[in-house]
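Think of it as A, B, C, D, E and F in the order they're written, each chain with its own count starting at 1.
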Amino acid sequence: MRENRLRQLWDAGEKTVNAWLGIPNSFSAEIMAQQGFESVTIDMQHGLVDYPASIGMLQAISTTDAVPLVRVPWNEPGIIMKSLDAGAYGIICPMINSKAEAEAFVSSVRYPPLGSRSFGPIRATMYAGADYYKHANNTVLTLAMIETTDAMAALEDILAVPGLDGIYVGPADLSISMGHAPRMDQEDQPVVDAIQKIIDTTKRHKKYAGIHCGSVSYIKKMWGIGFDYATLLSDARMLAMKAGELLPELQAKSSGGKGVGY
Amino acid sequence: MRENRLRQLWDAGEKTVNAWLGIPNSFSAEIMAQQGFESVTIDMQHGLVDYPASIGMLQAISTTDAVPLVRVPWNEPGIIMKSLDAGAYGIICPMINSKAEAEAFVSSVRYPPLGSRSFGPIRATMYAGADYYKHANNTVLTLAMIETTDAMAALEDILAVPGLDGIYVGPADLSISMGHAPRMDQEDQPVVDAIQKIIDTTKRHKKYAGIHCGSVSYIKKMWGIGFDYATLLSDARMLAMKAGELLPELQAKSSGGKGVGY
Amino acid sequence: MRENRLRQLWDAGEKTVNAWLGIPNSFSAEIMAQQGFESVTIDMQHGLVDYPASIGMLQAISTTDAVPLVRVPWNEPGIIMKSLDAGAYGIICPMINSKAEAEAFVSSVRYPPLGSRSFGPIRATMYAGADYYKHANNTVLTLAMIETTDAMAALEDILAVPGLDGIYVGPADLSISMGHAPRMDQEDQPVVDAIQKIIDTTKRHKKYAGIHCGSVSYIKKMWGIGFDYATLLSDARMLAMKAGELLPELQAKSSGGKGVGY
Amino acid sequence: MRENRLRQLWDAGEKTVNAWLGIPNSFSAEIMAQQGFESVTIDMQHGLVDYPASIGMLQAISTTDAVPLVRVPWNEPGIIMKSLDAGAYGIICPMINSKAEAEAFVSSVRYPPLGSRSFGPIRATMYAGADYYKHANNTVLTLAMIETTDAMAALEDILAVPGLDGIYVGPADLSISMGHAPRMDQEDQPVVDAIQKIIDTTKRHKKYAGIHCGSVSYIKKMWGIGFDYATLLSDARMLAMKAGELLPELQAKSSGGKGVGY
Amino acid sequence: MRENRLRQLWDAGEKTVNAWLGIPNSFSAEIMAQQGFESVTIDMQHGLVDYPASIGMLQAISTTDAVPLVRVPWNEPGIIMKSLDAGAYGIICPMINSKAEAEAFVSSVRYPPLGSRSFGPIRATMYAGADYYKHANNTVLTLAMIETTDAMAALEDILAVPGLDGIYVGPADLSISMGHAPRMDQEDQPVVDAIQKIIDTTKRHKKYAGIHCGSVSYIKKMWGIGFDYATLLSDARMLAMKAGELLPELQAKSSGGKGVGY
Amino acid sequence: MRENRLRQLWDAGEKTVNAWLGIPNSFSAEIMAQQGFESVTIDMQHGLVDYPASIGMLQAISTTDAVPLVRVPWNEPGIIMKSLDAGAYGIICPMINSKAEAEAFVSSVRYPPLGSRSFGPIRATMYAGADYYKHANNTVLTLAMIETTDAMAALEDILAVPGLDGIYVGPADLSISMGHAPRMDQEDQPVVDAIQKIIDTTKRHKKYAGIHCGSVSYIKKMWGIGFDYATLLSDARMLAMKAGELLPELQAKSSGGKGVGY
């Protein structure tokens, strides 16, 4: 089975950058996948992507050696299993707020006896190899989003769930859950402290940790405090940012354009 | 943030007509949105529309000032939040039969601390404005469908749920729940009485009320008893009706065509 | 091979009504095909339909016994042959203004030695039967649009082209070509006279004749002067018309909506 | 209402072959539906098909008299009801492991008072007829997948659920649940015994029984022990198999290609 | 009829920036259209966009007041007319190398008696208004690409064609036609001279002039020598550029990603 | 630039097998591309594929090292250039019947000064490398279909056109052009003689030669007389064939299904 390069890199102590896809299109996905990110995540939660578009996007990512991940819209077995069968090498699951939710999530990703995933890796076998079933439980990543005060309270329990590989911090949701404005690259001290606590606890449990970031500098900071991987903006934001940088130089009255909301 | 014109109109005592989209296409959506309806609802429950088609339909509606609503297929957080992120200004949720279901529905629509909506208004910000997060909880409509005897029994509790803006009567489901044939524009007395009770209770709770109708005359009647908004047929039915009106004049043997089932 | 019911009906002196599809969607196509029209035309010229959507629309029409026709965007061999391979039982070709154009059109539809159609009826065989090749040249309809003064001038020559089955009048284009406003159901005398001349000439050549109409009454008039088939509006127009009829009864200020431009 | 031919055949003691669609495309669906299978199942669980593609596939199947079935991705009311409204004549529901799950499944398929299906058969009425509502509860098939040891333990209870029409054995999942390799056409004795027990129990309850098979010979065997219907491979597998059979005869070094994983 | 804001601006001596869309998606189109460009061009020639995707993109652009333009794949009447019917307010036509080609192009865009455009503005009327036909010939822009030595030689003749509104320089094609490497923002003197000659000749003919550019500074230079409008890169390039700028700061070994080829 | 493996293999005297895609879907394309064919051709002429579907199919092929080819619907510059920009490494052009047609075809594929291809390899550069422009003229294959008696008569002239790399025999069209039934794997002596003449003439001109075949044995025969590459059936036929082989063993009355028409 094709190895999960993320596991290899992280186990070797390397830090990785993750691309984020919210535009439901296989060509923009291919452009992003070609840029050199170690992984590319198709965002089915806040992105405008649904399962049908994700197929072409997974194929586009498969033209490169970037590891394909999917953030599912919710902790629901149907879409988790469909994404895996289509070839995702890891699932980022939003809003894991309790041990039970973490267990349910892991169960959807693992074949028996470790979980309850149903068998039918229709495209995954083409991407991964004929021995997919044999190695899938040890290859595919389970990454639980920690993004609420409830999740913070249950963090030890969540991290103790067998089969959970790691976590992913959603800083905007974490912020509003704590009464702060939704923001990436947080500098509000309580949220910064919470992120510090998440990374410390996760590393104590020897799990992988990632976080969504809005700048190169914040990624460097997050790598510095122990995160293994970090997402750099998103396709939609990069597109709006580049136009928003250049256009005001040409239009006296331009405000720099309207940004996308995620 | 772009205001929700429906709230303004209803608060001013105006009655509105809602268009209903079951054809999964952005062009038919644009045709309907151009006709002057105050709101246009994309029906992901009984319509043949799923999330991917809804994006183009929301964009088509956004070429007009009709308020875009989405009826979700079920009371499930994933699709509710995805629809809002894509720019829906209100959610009609089917089969709200208890206080707990109403609370879960409202929670999916409201950001913390009022609910549990996850942050990521990727297209909503483009449609609504950069201050979307600040005003979304007061702008986006939560409309619970009352369409079973269980819902009737729990009506007071449902209407008391904080953050619920109003209700939407599904007359066909209400009818079969009460042992009557599924029908819009009901004249069966028990169903008529139930609708009367719904509007009376809703108005006592000072919430907005709407109902699905099959004719201009029934809409007028419903407006007369207090409903704020009413749906007029659907795109699919209008298309079949117009052909079904004209064709028999040309084909002696024609039965007037086959109607769509919703 | 499945017979072309239009040929049978017309040869028996029957008049037929044709549906017109400009919405690029298989569900609206199925609704229209179910209504009892003898034929259904997918409009790839002015409709928003292109080849990819036409496949699903042809399949939808194939759930009924309505005869599937395609109006191609232009007299171009590629799209004519693709439409036939996908199962169209007749081609309406716009802007046939000369004998040479009519010959080129017919050649694209007929297999050698009558024409130059390339062999590969990939879906047509499923729709029509395994003996498609044997009978296609006698089954598939070639219908040339007569819609300019140039076409009027060349009418005898066009109608004399071997393999041309009939004509289809485009009244709006014919009108503007003659200096009149683009309109269906023309009453401007010069255009009325031109239409009369077209039907007289066509019938003298013993070819089939059709025309695009905007009302039941005009279809009856056209049938009366000899036309074999007539199109009744279009899906897009029917949808806008029905909403435009009903909505003003509910909205004092409504203008009746905005019509589609074709 | 159009009868459900599967019920007729099975009640007459006939055995049927089911086609399985994992390629999300209406043309490959039409090819399969044309081959003579008594039923065709759109696989939304392990197939790469989601609801939007299923519409065109259902239309393609409707060009034939094969009975259209849908395997839903999970036991979730939204997608079950949407599939029925789109015209599915039966639902195969994965992972029914308890009486409660079977009841929930049946409830989603049946209109009140037998269940909680919401009314809106938008395309189903076109496929089935205007009296769809009247007969749907007796026509549409509810087929629960038995594919875990939990399901085996609850088999009597599951089969006793009113409104459940039959079962469908998923041999790969059943195998891994029992600690065996995921495989169709099982010869491992414990799994063979389990299948025997399932068919015996199902037939004692006078319910319909089906199973997913990978070969003609295994289907014959399954028919022999009492199964009413059996699935023969899938579109994706057939495509890979045929290429994999022929290509090695031309390429000395070819391994026969890579198979799809389901 | 909705005015063509480009004509207004250019006639007032304003310079405009044009966005360029090569990603076939309505959401990336909406992001670009929201940024403040005065016009947005859907590139059906070198972009991965074909007519079906262009519909949703035109709708997305219609949510703003940016003027929608289409670059067609070739000087072919079918696609030019389809694009106009779908609501394009201007056509950029590649490879206009002679007077005859310019005349054919203009003829496809203008209704009789000025040209041969066929009538059927199905969506254009919704975008532009009910009086579309009356004003279209004076509103819609015809922009001929000047991008070969043949076109240079025929420049006076091309610019003299009645109904041609302006030109658009394709610097990469012009470069290779002149034996230079394909490049935007040319500094090779012969190509620079050719561009100077094009703008001088165009302005002498009092036509509008535009050019494709790869940077803000080159746009300023082009505006300075008389160009009315200039394209700033493209959606695909902006996306690749932004990722290519940021990623190398995080990946020591990164080469900055792979650029798109246009 | 990524080399064109077909040129390498053929120049080394190797024989290759080509897959043929008529199903407009990226997943069936990926299945076929994974099987080990040296090249995979997307058939936009008789296949149900149009440009939009071809993008995803090209991406799917790009997950393997099979060489992606496109058969265009007609000898038209727009679609030839679009297919190349999307990453096709060769164009098979139907109905090349004269020297002029061959020259026009070659011109559309070659950049100046060898031809008139417009510059904009938007996706081709991602597939091939940053130096695409430099090597494209020597890498991309031009394969003219020889499939009529006119082409036979002009064969010497066609093969003498500079820049033409080879030919592809369409046996069905060649057959009907010669008055025989359309058939692959022809045994009718006049057609067999014609094929012999084509291969002899092509090899005398030192060009590559290919042919469409329906069986392994015929491919071996064609390789034996000098053909470099041969197509083995198509995806649609393989799917229908496999079902058609197996189903009759289970259905006494089955005729073996209905075959696709190409």
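As a convention for this text, contacts are C-beta pairs under 8 Å (C-beta built on N, C-alpha and C of every residue); 3 or more make two chains touch, one makes a residue touch a chain.
The structure presented is a predicted model; accordingly, all values stated were derived computationally and were not measured.
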Pair sharing more residue contacts (C-beta pairs) when C-D is set against A-D: A-D
Most distant chain from chain D, judged by the mean position of its C-alpha atoms: E
Whole-Å gap between the CA centroids of chain A and chain E: 38
Cα-centroid distance, chain B relative to chain D, in whole angstrom: 34
Rounded Å distance, chain D centre to chain E centre (Cα mean): 52
Chain A, residues touching no fewer than two other chains: 24, 27, 31, 34, 48, 50, 52, 55, 76, 79, 123, 126, 236, 258, 260
Touching pairs among all chains present in the structure: A-B, A-D, A-E, A-F, B-C, B-D, B-E, C-D, C-E, C-F, D-F, E-F
Chain F partner contacts - residues on chain C that touch it in the complex: 50-52, 55, 76-79, 81-82, 85-86, 111-113, 116, 118-126, 130, 132-133
Residue numbers on chain F that touch chain A, as the complex places them: 26-27, 30-31, 34, 55-56, 59-60, 62-63, 123, 126-127
Residue ranges of chain D touching chain A (in the complex, touch as defined): 22, 24, 44-48, 50, 52-53, 72-74, 76, 79, 94-95, 147-148, 170, 172-173, 176-177, 179, 181-182, 236, 258-262
Chain C - residues contacting chain B, complex: 17, 19, 23-25, 27-28, 31-32, 34-37, 48, 216, 219-220, 232-233, 235-236, 238-244, 246-247, 249-251, 254-258, 260
